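Same chain, two partners: subunit A is paired with subunit B first, then with subunit C.
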Partner chain A sequence: MMRTAAGLAPSSSPPLSPQVTVDFNVDDGNYAPGDNIRARYRVVGVDRHAVTAIEQSVAWYTEGKGEEDLGVILFERKPLERVEPEPASAEPLVGVISGKLPPSPLSYEGVIVKIRWCVRVRLFFVGGRDFVSEHVFFLGDVPVARPPEPAVS
Partner chain B sequence: MRLPSFFSKKRGERRTGLPAWGSLGEAIYYLVLLTAGLVIGGLMLTGVAVSEWRINNQFVEASGRLIGKGLARHTTTDIFGNRRQSWRPAILVEYQARGKLVRSWSSGRLAETSSQRETAIAQLAQWQLNRPVSCWYDPDNVTTVVLKRGYNWWLWLLTLLLPGALVAFGSSGLLHAAGGWGRSEERQAAEVWGLLKRLTRGMPEASGFPAIPACDNLVNSPGTVLRFRLPTESPEAWTLLGSGLFAGLWNAVVIVLAIGAGFDVAGGRADWWLLLLLAPFTLVGLLAIGLFFRRLLRVTAIGPSHLEISDHPLRPGGSYEVLLSQAGSVAFRRLELRLELEEQATFRQGTDVRTERQVVCSEVIRCWNRVEPLPGTPFEAELQFRVPPRAMHSFHSTHNTLSWQLVLRGQPDHWPELKRVFPLVIYPSDTTAAMGAAPVSWHSGQGAAS
Partner chain C sequence: MIVARSLHNPFATRFTRPGQLAWRSRTHSPAAVLDRLEHLGGRGIISGPHGSGKSTLLHHLLVEAATRGWPTRFLRLRSLADWPRAVATVLGRRAADELLCIDSWEVLAWPRGLLARLASQRPGRLVVTTHQPCGCGDWPVLWETRSEEQQFVELVADLLRQSPSPPVEFDDALLRAIFSRHGGNTREAFFELYDRYERWVREQVAA
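Moving on, here comes the complex of A and B:
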C-alpha cells in the first residue's frame, strides 16, 4: 500500500509541504515475517538546500486507546552537505531503506489496540522545523479483531 | 514575519513541527522542578542538618550544673485564625566557657516538642536541679548550649522527602528532555531510549521475538500428568488481599482512635466529636472484617483450580491437551473453560493512569452443566483445544498488551460467579516466520493522497 504525502512547497523560506512518494518491493505492501523490505522514497517540491538532514526508518507503533508505543527496526540518518553559494534546486531527494523484517510484532487491527508498520521519512529544515511522512505497510496476515457477540441463552 | 509554532501539525500521514521548542518547554518545566527541589533541599539542610552537624562536630564540651527549669511555649495561628500551642522543656544551665561562668537556657530538641503541656511537664521531671551535667556550647556564641547530642534521622528523612522527590523527578525529566533534544522520536527509540528500555524493561522479551513476552515464568512448574502446570491469575485472590488489607488498616486506625478516646474518657475529658465519629468508623471496620471472612470462606470453599498443558509457548493452528482440576466441596450449576484474547490499553486521563481491557476473542473449549463434587476427589477433565490458525500472537509494549489466556468460569451454588485466569504466550506461527525473503522487484505507484 503506497501513500503519497501531497502538497506543494512554498517558494520562500523553509518549504513545509513536500511530496513524498514511497515505493515498496511488493505490490500490495503485504510482507511476511522475515521478508526483506526495500522501500525507495522520492521527495519533490522542496528546495534541497533548505534540508539539513533526512531520517529514514522502518518502525511499528501502536494506535488505539492506549498511549502510543514505538519500536524502530531500521533507522538511518543522513546529514546533507551544504555547499556555498546555494542556488535553489528543485532536484528531487531520493533514497532507499532496506533490511530484514522481524518475526514480530505482526500488523494488528484490534478494538482498542492496533499495531501498524510504516516507513517514515523525516526531513529536517534549516531553522529546526521538521516534516515527517509516514507510509503504512502490513506485516503478516492477522484478521481484523472484533469484540465477541454476547452469548444468546 | 512568521512566528514559530510551538506545536506540531498533523495533516493525514504528514506532520510538521519544530521539535526543539517542545524539548525546550519540557526542559524548562523539569529545570524549574529540579531548581525548586535543590532550593528547598538546601533550605532544609541548612535549617536541620547543618545545625545538627555543628552541634555534633563543632560545639565544645563543658561541665555544667542545672540551676533552673521551665517550659518553652510556642504559639502558632493557622489560616482559620485558630491558635495552637506547643511546649518544650527548657533548662537553665550554668557552665564554664572560655574562663567565664555562663548561664543560659537550653530548650531541647524540636523532636521533644509536644502539643500536650502534661507531656512536656513529664519530660521536664527527668531533669533534677543542682545536678552536674555535660553540656556543649557554641564556640561562636557561648550562650547557645545543648544538653543532648546525636542525629535525628527520621526528621532528616521527612525534611528531605519532598525536595528529594522534586530533585529525582526534575533530574530524570531533564535527562529525558536532554536525550530527546533535537532528536526525532524514531532516533530516540533507535538510540537513547532503545538502550534505556532494554536496561529497564519491566517484562522480559522472548528471545528472537520482539515485543512478545517471555514465558519463562509459565514453564517453570512441571505438571503431574502433562508437561507444564500453568500459574493462576485469580482476581478473587487480589480481592481477598485487598479486602484483608483494608480491614486491617481501617481497624488499626479505629483501635488507635478508640484508645485515644478511652484515655480521654478515663481522664474525665470526653471528646464528643471523636466519640460520635468512632461509632460509624467501628461499624465500617466490623463490616470490612465480615466481608474479608466471607471472601476467605468463599475461596476456601470453592477450592483451588489447577490447569496443566502439554506444551508452551503455543503456536497458531497448534493442538494442545489440557488437564483441568477443580478441588473443593462446592457444586457448580455451570463450569466452562474458554480460550480468550484480551486487549489492554493503558492511558492517562488527567492525572490518573487507567487501563482498559477488551476481550476480542473468546472460544469455548468445553462447558459442563451440573458439576457435583465427590467427597475427597477433585473434579478432573482432560481436554484438547486448537489455537485459531490465523491467531494474533501475544504482544507486550509499555502501554499496550495482547494477552492470551485460558479462563475458567463457574457458577457455583449459593456463591457469586467464579473466574480464574491462566495466562498463555502464543508465538507467531512457524509458517509465517519461515516464509523467507520475497524477491526484490519494484512496484511503483501513487497511493491515496492524505
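Moving on, here comes the complex of A and C:
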C-alpha cells in the first residue's frame, strides 16, 4: 500500500497554490536503516510553465527549542525547459527520487528535540519566488519519548 | 487519532526564528526603518532587551533592502571567538550601497569599540543589534525594540493558523499571563508554549 502525505509549506507564497503529494514505496513511510527509498511526487495547482526548476531531496533535520541541524542525503535539481510562447498548463508535474537510506540518524520524537526525515520538493518560479513542500517519513523505530513524571515527595 | 511522532510543534524554533514570522508591528514598517537609516547617514543600532524582536527586525530589513536592490550581507556573532570573522567582514566592505547587518554586536565585548571606529571608515550601510547602545562608536540608535503583549497574542495566532498539526487553543488571558511571566521576552514565552504543546500532544495520545 502506498502512503500519501500532505505537505508542509513554510516558505514564501507562490503565484498559485501548489499542492504536492508524495507516495512512498513502503507502508506508512516506515523505513529501516539501509532501506531503499523511492518516493513519487505529484504537483498540482500550478501552471507548469511558471516553474523554472524543481529541487528534490531527501533530508533529515532537527526540530525543537534549540538551533536546527540538517543533513541532505539525496539531492537533485531539475531545470525545466521552456519554449516560448507557451500556453498556461495545469498538467501535473511529477517526479521520482530514490536512493539508499543511511544507518543514522534515526527518526526521534523527543520532547526538547525531534529528528525528522523528509522528502522535500522545492519549486522555483519565474520571477525568483519559491515554494517548499516537506513530506515526513520515518527511519527506524525509536519509541516516542515521554516527559519525565514529576517527582513525588 | 493523534499520532505524536508526525506532529510539528508550531513553537519550534524552525517556525519562530527571525525571518519566519510575519512583521506585526503597527507602529513602524521595515521600509520606514530603512528610510530612517538613510536619514541617519547609513549607520545605526537596533537596541532592546532579550526577545524583543531585534533579530527579527534585522531580517526584515534585509528583505526590504533586497527589494530595493541593495546588496546585503548578514553576520551573526555568537561569541568573542567570532572577532576575526567580524573584522574580516567589516573591513572587507567595498560597495557604498551595501547593507551589512550584524546581529549580537555586544558579544564582541571590549574589541567592539575599536571595530566600530574601523567600520565607520569603510563604505556602505551598517546596522547592528545590541542590548545596550554602547561600544558602537558614534552610531545613532536606529530603533529601540519593545515587545508588546497584543503583538505576542497575534504572533501565536499566526503560528497556530500556519501549523499543519492539530490546533491547540490558548486563550488570550493565558497568553498574556505567559508573556508577563517572561517579562516580555517573546522567545522565552514561545519556549513555554512549546513545552505546553508537547504536553498537550502526549495527553491527547494517552487519551
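One rule holds in what follows: the second predicted complex is superposed on the first by the 132 of 153 C-alpha atoms of A that agree within 3 Å, B and C clash if a C-alpha of one lies under 4 Å from a C-alpha of the other, contacts with A are read in each partner's own complex, and residues count from 1 in each chain.
Going forward, a contact is a pair of C-beta atoms (placed from the backbone, for glycine too) under 8 Å apart; a residue touches a chain by one contact, two chains touch by 3 or more.
Every value quoted in this text rests on a predicted model; they were computed, and no experiment measured them.
In the superposition on chain A, contact of A:P147 is made with both subunit B and subunit C.
By the touch criterion defined above, A:D130 reaches subunit B but does not reach subunit C. Subunit A is touched at more residues by one of its partners, and among subunit B and subunit C that partner is B.
Of the two partner chains placed by the overlay, subunit B and subunit C both lie in contact with A:K65.
Look at A:F138: by the touch rule set out above, it reaches subunit C but stays clear of subunit B. When the two complexes are overlaid on their common chain A, residue A:A32 makes contact with subunit B while staying clear of subunit C. Look at A:V96: by the touch rule set out above, it reaches neither subunit B nor subunit C. According to the touch criterion, the shared surface of subunit A, contacted by subunit B in one complex and subunit C in the other, consists of residues 6, 64-68, 111, 136, 146-147.
The part of subunit C that touches subunit A in the complex is made up of residues 4-6, 8-9, 12-15, 17, 20, 162, 164, 191, 194-195, 198-199, 202, 205. Per the touch definition, subunit A reaches subunit B in the complex via residues 1-7, 13, 16-17, 20-21, 23-27, 31-36, 38, 40, 55, 57, 59-60, 62, 64-73, 75, 77, 100, 102-106, 108, 110-113, 115, 120, 122, 128-136, 140-143, 145-148.
The touching residues of subunit A, when paired with subunit C in their complex, are 6, 8, 10, 61, 63-68, 107, 109, 111, 114, 136, 138, 144, 146-147.
Those residues of subunit B that touch subunit A in the complex are listed here as 2, 4, 11-20, 182, 184-187, 189-191, 194, 208-212, 341, 343-348, 356, 358-362, 390-393, 395, 397-402, 427-428, 432-438, 440-450.
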